[in-house]
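Once you scroll down, you'll see the structures, which are given as structure tokens.
Both complexes shown next keep chain A, but they swap its partner, so chain B is in the first and chain C is in the second.
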Partner chain A sequence: MTHGKAPSPTAVRRLLAPAWVVDLWTLAVPLAAVYLFTSAGSALSGSARVDLGYALVNLIIVVALWVFVGNSGVLSFGHIGFVAIGAWTMSLLTIEPLVKSNLLPTLFPFVQDASASPVVALIMGAIMGGIVAFLSALVLMKLNGLEAGIATFALLQVIVQVLTYWDKIGPKSGQSMVGIPASFDLPVVMSIAMLVIVVAWLYQQSTSARLLRASRDDIAAAPASGINVFKHRVIAFAVSGALAGIGGALWAQTNRVVQASQFNLDFTFLTIAMLVIGGMLSLWGAVVGTIVISTLNHFLGLLEGGLEIGSVTVSIPSGSRLIVLGLSLILILILRPGGITNGREAVWPFEKKLDFLTQAQRTFD
Partner chain B sequence: MIPLLQSLVDAVSAGAIYALAALGIGLVFGIMRLANLAHGEIITGSAYTLIFLWEFSWPLALIASAVVGVVIALAMNFAVFHWLRAQSPATLLIASFGLSILFQRLYDAAFGTNVRTAPVGSGLSQSIAMGGIRINILSVITIVLGVVLLIAVHLFLTRTSIGLQVKAASSDFRMARILGVRSGFVIAITFAISGLLAAAVAFALTTQSGAVGPTFGVQATLFGLVGAVLGGLSKLSGAVVGGFAVGVVLSLFTSWLPPWANDFRTALVYVFVIIALVVAPNGLLAGRSKKDRT
Partner chain C sequence: MASSCSKKNGHLKKWSSLTSSQASSTSVEELELPLSAGFLRAEGISRSFRGVKALAEVTLEIPRGRITGLIGPNGAGKSTLVNILSGYERPDIGSVAMNNVDITRQTAHQKSRSGVARTFQHGHLFRSLSVLENVQVSALANGSGRRQAQRTAVGILDRLDLLPWGGLSAGHLPHGVERRLGVARALATAPEYLLLDEPAAGLNDGEMENFRNTIHSISADLNIGVLLIDHNMRLIFAASDYIYVLAGGQNVLQGDPDVVRSDEKLATSYLGTIASTLAKPTS
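Moving on to the complex of A and B:
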């Protein structure tokens, strides 16, 4: 028997490009896209730069959301809760002590006294988000499908209600925290966003994430193959909560006014829509969705304010952004349920069409 | 104890409203595997109709609000959900979330962010004295409305041919199709009934508050959905009892929790929701596990 003319799949792969190049490409493309997006945005007017700040923060939140939703296949409506916790941590640690004692007189003494540099506060935001996510995951991650969706939604409600009414750890209900210093400028926020993407990518390459994706693709077969789905979901949820906490901390210092009611269903919807439109199953999808929707929202925002084209002023009613976003989401779900990227990572372009076996192997990676 | 009875009547009336919301959501879920978050926007549409037409002619307002409820529900089905019938329940849920936000913004653009007011059913908000206690007529009417509609839907599902088809499709969609149930028709009928139920909820809620804003229906839908999931979406009676229980518990919390804890009543309800879901993921009252529709 001669097998000389049919090289093994690994051999084919080596001929085309080393596996690590193909893998790194799935990281390099999103990073480059974020860099180009930020550079293009910074070159524009002042309002574009403000929107860009929010876009980068949303990018972090959507990537955080993807870490859990994309790898586990379980929907989460609760991540804005971890964003709120990150924002709370940042605010409580970085507001001027004097302002804080006037503004928030009812705080626990140790919260009142706590103060930290912005970088430490950012790390604390990640830790707090991660801890709360880990603890709630121990309870929630036994659930599947719709029940999981409802339970994460319930979690968001619990977090937001507690932050609204518990004046030992925040303002009285209905009031907001002000005076949060803007500590990081755009290049720093961009670097943090890129770092978050690297962490998400490293997580994606981990064994735990691979096993979790196996359970996503077949929830019946994975446990039968000895995969502890619960454990890997808890890990994903905790990592994802920590990254969302970073997003929240940066949101606080971007928005500079923080109130519990801001972490609402509209915010939840915005981030879920960005993820779904880009393609829920890939990191590249999370990045593409955020960049596309942020750009679209920026221009719709300009139109809402009234845009002069030649001698005609074009304007659309305020609130159009969410109308367009809702319509886009529904159209995507009907026409292309996998999102813009169809759930694929950025593909190494310098490779001829893979033969069936290599393709199969890639799918399993 | 006198206030106990009063608060019980209020609690049962709140429970009746959420039971109707849960029934509307549960019916659609049974047949489509769609947990329709946009149910609240059907309620809001009917409520706006009541508010705008009430002072012109109240019988017309009642009829029009029912028609609007049915029309919006059918429009959602044919414009969106019809095209997503092959998708997973999670995708349907996301789509209904998008639809919900979309409708809220459309109401906002059309009628403004501020609430619109009208004295809907103002004659009903009096109290009657009964054996030394005062009972709100509106609460009694809400309870009666809830009971009548629940019985009506039950009779429809068990005594009419179309109702039996809905019930059959709900328990096993594919089998029902094979046996000659017209799926499109049955789904449309189900959406229409959920629209009618939403209109009933809109009536009960507008007579209480007399004010309607773009997010008017959100709370009733969330608590109705939560109740339905708690009770068990796979069985209509479970969904209804779950919705009812959530309403009763919330109302009793409002009347009886000490002031410091009262702020946290919504948080408490959601903590119970999480515990109940973990203890009984298929619903506390579900008899059997769910079957996926294919």
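Moving on to the complex of A and C:
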């Protein structure tokens, strides 16, 4: 410890940490978990690495989803729409110009000509996701509760339909974009995922997020405390949409083939299930849920393909993954509605909570 | 404890700076006197829900630094009036003015930031936050920085004897503590006017007495105009400087506690006699 405070008599054998250390701990633990998860996955076979790539992309998307859902308490079924926008941006900016003119002849001329490095394309993906999220939030965030959730689902449908049929900004109806170069290897994707976690954490510490979390607890009481719920929800939705755009851009890089129909209910369900199973009220829950479900999915995938153990081949029917995912979600909702983390952040383990009066004293120094 | 006192002074200082800026356009005397005048005034308020009149031309005035009681049978429109004063509902007709500035069309969070605070009949606490955080959030939303919000919150908790509860979750509090926390949270918005919607419901006699003292000191020390709604007549008549009686969505009676107490209309309005058979308020 560098802060040099002596342990208090009441906290024998426990280290006293200043508040910022305790706060920073809630960031350090998820980052360490992602690092360990990536290291462990990289050490495995080739198929594990492929799944790991998707897992890290899903991690970004789930963390993005958490930024809005976790802080506002409003469920969003629409975030895969922002993922699609990020994927579209990455594809249109990084496909080779020659390939692009052959494959996508109907594009707007400026889209046809646009080209950028993968990093710039990634940033553009975030900006586009953020802008669309911001604009839609201006309309959607007037709604509350279930209505808001249903409206975000409608938004997903609108975005997917536009991307499916508007050939000025994409392929002819329903076709796919191919030839997206893979420019990011696993360590880079992991670093971007960590960066996204840092951004989400910084947002979580902001005053805007604090006020939004109060409104999550009691939407009726929040305005009486002076909280402009609409404003803070719009901010959260925009930040969340931008991060989902990053997830989409990396998804395009990972999948290399991008088609509007891929941004569907299955994808939506997977990411929401990861968030809910981990614990949708905490950033730590978003990370834990993604890691647990990705790992589970990987091994179920191996089993679906048939796994040879000694001389016996063990296999389970195809489609088992989604069934297990659905059942896990139901079980979690019944047995532990707060998710694996119960909606808590990673707790600083070395210090007993200071009793409140001591804390109050400290605020006067 | 000395540090805690300086905190209280800080809160007061914030207060007096607010009031003096209010009064800057008027006289120097008011600048020196922390107790500046001012009213929160509902004028000719009417409001219907699906054709049913909840309020009909109700007028009411809440002066700074005083406790104004509001009583009436269930369904008299008391809560609707509080909702309109605090921006949770809009009147069909009529206006709300604060210190002679029309604030009828301000939304709830705008009214809170303007200086009209309220509590709720049923707690409505931020249940996943601690007691301290509940109060901090109100200060933060009203423009305080982190540190300032923390100090304000600790000071208010101290004032309402909630400090020992500060670190506990607001989700599992005894009833009396919940009621006080509701008031603490409203105070953290640095209000000029405080609307208390049945704050004493469910309190025992001892708690009630403490609560009355608390409201009284808040009103006097911080120059807050308090609107006190309750069914407990002992509390209302002991605490209020002035009392309004609503029945059937109309002003029935108003005056000093002694005047209202002895007026026969009080009995009739509470006996459930249809208010429309009564003459419109003339006092």
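By definition in this document, the second predicted complex is superposed on the first by the 337 of 365 C-alpha atoms of A that agree within 3 Å, B and C clash if a C-alpha of one lies under 4 Å from a C-alpha of the other, contacts with A are read in each partner's own complex, and residues count from 1 in each chain.
Just so we're on the same page, contacts are C-beta pairs under 8 Å (C-beta built on N, C-alpha and C of every residue); 3 or more make two chains touch, one makes a residue touch a chain.
Just so you know, these numbers come straight off a predicted model, no measurement behind them.
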Could you look at A:Leu146 and tell me whether it touches chain B, chain C, both or neither (first, second, both, neither)? first
Between chain B (first) and chain C (second), which, if any, makes contact with A:Ser176: first, second, both or neither? neither
Look at A:Ile334 in the shared chain and tell me whether it touches chain B only, chain C only, both, or neither; answer first, second, both or neither. first
A:Val276 contacts which: chain B (first), chain C (second), both, neither? first
Identify the partner contact of A:Pro317: answer first if only chain B is touched, second if only chain C is, both if each is, neither if none is. first
Once the shared chain is lined up, is A:Ser206 touching chain B (first), chain C (second), both, or neither of them? neither
Of the partners chain B and chain C, which touch A:Gln161 in the superposed model: first, second, both, neither? first
For A:Gly226, decide between first (touching chain B), second (touching chain C), both and neither. second
Which chain, chain B or chain C, ends up touching more residues of chain A in the combined arrangement? B
Residues of chain B touching chain A in the complex: 35, 80, 83-84, 87, 89-91, 93-95, 97-99, 101-102, 104-106, 108-109, 218, 222, 225-226, 229, 233, 263-264, 266-267, 270-271, 273-274, 277-278, 281-282
Show me the residue ranges of chain A that touch chain C in the complex, using the header's touch definition. 207, 210-211, 213-214, 216-218, 220-229, 281, 343, 353, 355-357, 359-361, 363-364
Touching residues on chain C, where the partner in the complex is chain A: 3-4, 6-7, 86-88, 107-109, 112-113, 117-120, 124-129, 132, 134, 137-138, 140-142, 146, 150-151, 154, 157-158, 163-168, 185-186, 188-189
Could you please specify the touching residues of chain A with respect to chain B in the complex? 75, 139-140, 142-147, 149-151, 153-155, 157-158, 161-162, 164-166, 173, 265-266, 269, 272-273, 276, 317, 319-320, 322-323, 325-327, 329-330, 333-334, 337
